[in-house]
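There are structures below to look over.
One chain, chain A, appears in both complexes that follow, with chain B as partner in the first and chain C in the second.
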Partner chain A sequence: MARRIATGDPTPVRWLLITVALGFLAVFLVLPLVAVLAEAFAKGVGAWWVALSGEDSRAAIRLTLIVAAIAVPLNVAFGLCASWAVAKYDFPGKSLLVSLIDLPFSVSPVISGLVWVLLFGAQGLLGPWLQAHDLKVVFAIPGIVLATVFVTFPFVARELIPLMEEQGRDEEEAAIVLGAGGLRTFWSVTLPNVKWGLLYGVLLCNARAMGEFGAVSVVSGHIRGLTNTMPLHVEILYNEYDFVGAFAVASLLALLAVVTLAAKTGLEWWHRDEIAASRRH
Partner chain B sequence: MTAAARAGFRRVIPGFGPTLGLTLAYLSLVVLIPLAALLMKAAGMTPSQWLATLSDERMLAALRLSFGGALAAATINGVFGLLVAWVLVRYPFPGRKVVDAMVDLPFALPTAVAGIALTALWAPNGWIGKLLPFKVAFTPLGVMIAMIFIGLPFVVRSIEPVLEDVDQELEEAAASLGASRWQSFRMIVLPAIAPALLTGFSLAFARAVGEYGSVIFIAGNLPGVSEIAPLLIVTRLEQYDMVGATAIATIMLLVSFALLLLVNGVQKWHRERMGG
Partner chain C sequence: MISVERLVKRFGAFKALDDVSLTVPEGKLMALLGPSGSGKTTLLRCLAGLDHADSGDIRLDGVDAAALRAKDRRVGFVFQHYALFRHMTVADNVGFGLKVRKGKDRPPAHEIAERVGRLLELVQLAGLAGRYPSQLSGGQRQRVALARALAVEPRLLLLDEPFGALDAQVRKDLRRWLRRLHDDMGLTSVFVTHDQEEALELADEVVVMNKGRIEQIGSPAEIYDHPASPFVFQFLGNANRLDCLVRQGVGAFGGWSFAARGVPDGPGVAFVRPHDVEVGPADGAAMAATLRHAIVLGPTVRLELSLPDQTPFEAELGREAFSRLDVSPGHAVGLTPRRVAAFPTQG
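For the complex of A and B:
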């Protein structure tokens, strides 16, 4: 195999650069993952299982699943709606709308939680009204859901918008001209075309929804067994010096991350053409 | 396609009103109104409250650490991210695809998990901390380690696609004209990927400034020394100091947005100068 001498680097340089790059990645990416597993199983599988099957851990796992089960579908519905509106029509202010959809990514997670406290907290704008009607948002599950929705808001939309724009409008227009209604066109033409991109967005959205810490931490109130999600439970156990417990719950979240990465990579390999070309994070 | 023809298409595909309406309503309810509540609260602060906030040494130290640490971390990520992208794009080696997939780990790993894992590694009795003659965890250095972790994929993922598109024939031409590898890297490759490097750098920077979960475990959180701005917001909230929390959040938001605008401006200028 003829190597392009002019653009190839001398073998020693090549090996040096590969070694430095892989060394850097090993220290910053691989070791943390290994550390989670090592600490989680430091006292054996039995201790790991005891930590996970405790009442509080199970409540945290349940709450995390509930929150994701509400936040992800909401943002999927929004993502489909927004990407259809942006990709299938022309209107003034479109690029502003796309920038606004990306906004939550440039806001600190803590601020993403703070805004809900300022709206619905005891001293918040709507706080007195909520109290008068005996409704609780902040330091309760609705607040956790709202904070999670805010943080995971852009994932599905930003995956679908470039994909639908790439695919254009011809197929939809053909369907409409042939007599299909708007909804029928969406279900039979648009959705099949974007299904892998949608799945890609859902994976990322779900991983963030289940793993969000900062925003949820601000609105949760950290009530064990009631408003503790898995990442918050990790913090509580860690601060109580229950390291095996903290790393046991963390190992489940790390597993979620690895499964998400594997599924995402699989989609990129096998359905590269059916997810957005301009993918970025 | 003329503007009139385009306007005609709007009528072909139905559902413009409902989909855009729902999008705007949901966007407003979930993102815009909550952020407006923050800015309204900030606008309601009296000048003396602002003055007290802005002269608070503890807050200034926290902002300095968040922005300074993020700058240092993004710079380190700029160098190593470029190196990683270069190796992944230019050098085929066994296992490259797996390594490439792993670069996204910081996006997928919940920040609290990253936080306790990094602490376990870099603490004085940890796997890496044990080997070092100086303290990393529970100092500003620890803050930087977490910020490097969280920002790395932004740089690598920004550079990779652009580096793949760099025409290697230009490098061949340069070499045939007598340029060294380093010269052709500096004068051909680097200018081509500079905007992507800047994008990656600024994304990594913005993420690190606001980062909370992965930092607070490794930071030690000593006020004035290793306390980051997002943590100070949480502390103020826990003290029921809504004004203090709002002020820090507003400053962080405004500075972050100003930087993003600046970067967008620089990139636009660069594109125009390069002729599209």
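For the complex of A and C:
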């Protein structure tokens, strides 16, 4: 029999709790994932591959990668700036900045898309000017990028702010007194100290950038082969009763989620000593 | 030589440094002593270039420090919590100041390695070059921080509460070791402390600070024997405070009078240290008092007494003297202060 401890519950209770937790996980996480894969491969690997290699699917995948390739670096830069500013300086409006960073989490994705339409759309604030100069923002790639950047900007900053605040500015000051310049201090002291947090932030930011549906849906215009990202493409195919096609693209997105989680766990495990060391210090 | 002239530093309405001037003589070890909020750490940070004064001058070997950025001052700084680079090994920490140099100032890699090795030997950590800071004890981290600061051959070594985070025994050992190191290497150093014992034991010169101002500068003996103000007297150790009246250089408290040279007529304060008072039988002594408690502290006994007007008074004497005295709580004794320091009442 297991050793009895003060906080230990009776065996039936323990089993009940574990069953509930695992059951919940199975119904809400594992089952959908299995369903996606089952549907995607319902007509064999060949049909799956044909669905993915179609021109529109390839265009959607390409667009998703482009958007992520622009949005993620932008938000890494923004996240580093914001967390550096919050953690290392005192300035008026600091707490306002911290709360504003959370805004995309608390606002509906529809709004996140709609603001860009209201700003840059044909009836929008800057619409006429853009039209006059033959620039397209809404229903084009720039709009999708803007919406994605907006939705994903908290990820990196949220990871880094608590980390940098906890670490304080002592090490940077030490580097400066030892003769290091600002850039050198950033590269060899600040960045290495936050690299794991930064990496998690990037992974989460990337997953969300590729998976975002709501905000992107509002600004995209759903033009096949031009402004359809993968999530939008899944919806279109599904609405056209092309289940294999829809689930084939969806399986890629699901794969992305699994890979992201695996990468995060793997990194944590691989560098567990270093991570523990930098937390303990 | 490092000189500071009329330094003023404000944080909002708070004056952290209020017209501070001092000189750090070449080759000396100077202590900035004061309670928290006295401005001592701010002064140290101004010397390092980590904070900037609102007005006043700092001169490093005759050069105006305002023209030099922190990174060009060649000042070594040991932080209170060491601030070691947590993701670098001990050797990389120590070598950092050399590696970040540019162009011809930067020594070749093998020379850096050699110097790091020598420094680690100097701080007795030669075997730990490959460790990370988190794998070291507090005392070892402290010594790595010191080696890192010394690597750039600083003209001035600054230490912020260098022993604050260590336990008592390690602190004592490190203190003596640091003093020897300072002398052997011919350093000019300034350290900040709130521990008067540490300042008096370690420093050649002590600067006592209070509320952003310098109360007194002098050798440990001068400071201890001739404190310039009631603050200094009280900060340097336990003291009994007696409100007295001074007339023509003579102070009076109760029925007892004492010399109060240089103190103007009027109300004053007199201080008597617990070990500067003789305790004898009740009759014929200068001050009558009643024993409340006797607490044995190793070789000495602390007596808690009260004077006729109920002012508490503390005295300290040897175990033997106490047993000769043969009194128990509630008994009357007579006090004869050996040394009294008197000051005019301020304000």
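Here is the rule we go by: the second predicted complex is superposed on the first by the 262 of 281 C-alpha atoms of A that agree within 3 Å, B and C clash if a C-alpha of one lies under 4 Å from a C-alpha of the other, contacts with A are read in each partner's own complex, and residues count from 1 in each chain.
Definition applied: a contact is a pair of C-beta atoms (placed from the backbone, for glycine too) under 8 Å apart; a residue touches a chain by one contact, two chains touch by 3 or more.
Just so we're clear, the structure is a prediction, and the values are computed from it rather than from any experiment.
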| task | Look at A:Leu16 in the shared chain and tell me whether it touches chain B only, chain C only, both, or neither; answer first, second, both or neither. | result | neither
| task | Classify the contacts of A:Glu235 with the two partner chains as first (chain B alone), second (chain C alone), both, or neither. | result | first
| query | In the superposed arrangement, does A:Asn193 touch chain B (first), chain C (second), both or neither? | reply | second
| Winner by number of chain A residues touched, once chain B and chain C are compared | B
| query | Which holds for A:Gly179: it touches chain B only (first), chain C only (second), both, or neither? | reply | second
| said: With both complexes overlaid on chain A, does A:Ile223 touch chain B (first), chain C (second), both or neither? | reply: neither
| message | Show me the chain A residues, by the header's touch rule, that chain B contacts in one structure and chain C contacts in the other. | response | 173, 176-177, 181, 280-281
| field | Complex interface listing, chain A residues touching chain B | value | 4-7, 9-10, 13-14, 17-18, 20-22, 24-25, 27-33, 35-36, 39, 78, 81-82, 84-86, 88-91, 97, 100-101, 103-104, 106-111, 114-119, 121, 123-125, 146, 149-150, 153, 169, 172-173, 176-177, 181-183, 185-186, 204, 207, 210-214, 217-218, 230-232, 234-235, 238, 246-247, 250, 253-254, 256-258, 260-262, 264-265, 269, 280-281
| remark: Residue positions on chain A within touch of chain C in the complex are 170-171, 173-181, 184, 188-189, 192-193, 274, 276-278, 280-281
| query | Can you name the residues of chain C that touch chain A in the complex? | reply | 48-50, 70-77, 79, 81, 83-87, 96-97, 100-101, 132-135, 148-149, 151-152
| query | For chain B, which residues count as touching chain A in their complex? | reply | 6-7, 9-10, 12-16, 19-20, 22-24, 26-27, 30-35, 37-38, 40-41, 80, 83-84, 86-88, 90-91, 93, 97, 99, 101-114, 116-118, 120-121, 126-128, 148-149, 152-154, 157-158, 168, 171-172, 174-176, 181, 206, 209-213, 217, 230-231, 233-234, 237, 240, 242, 245-246, 249, 252-253, 256-257, 260
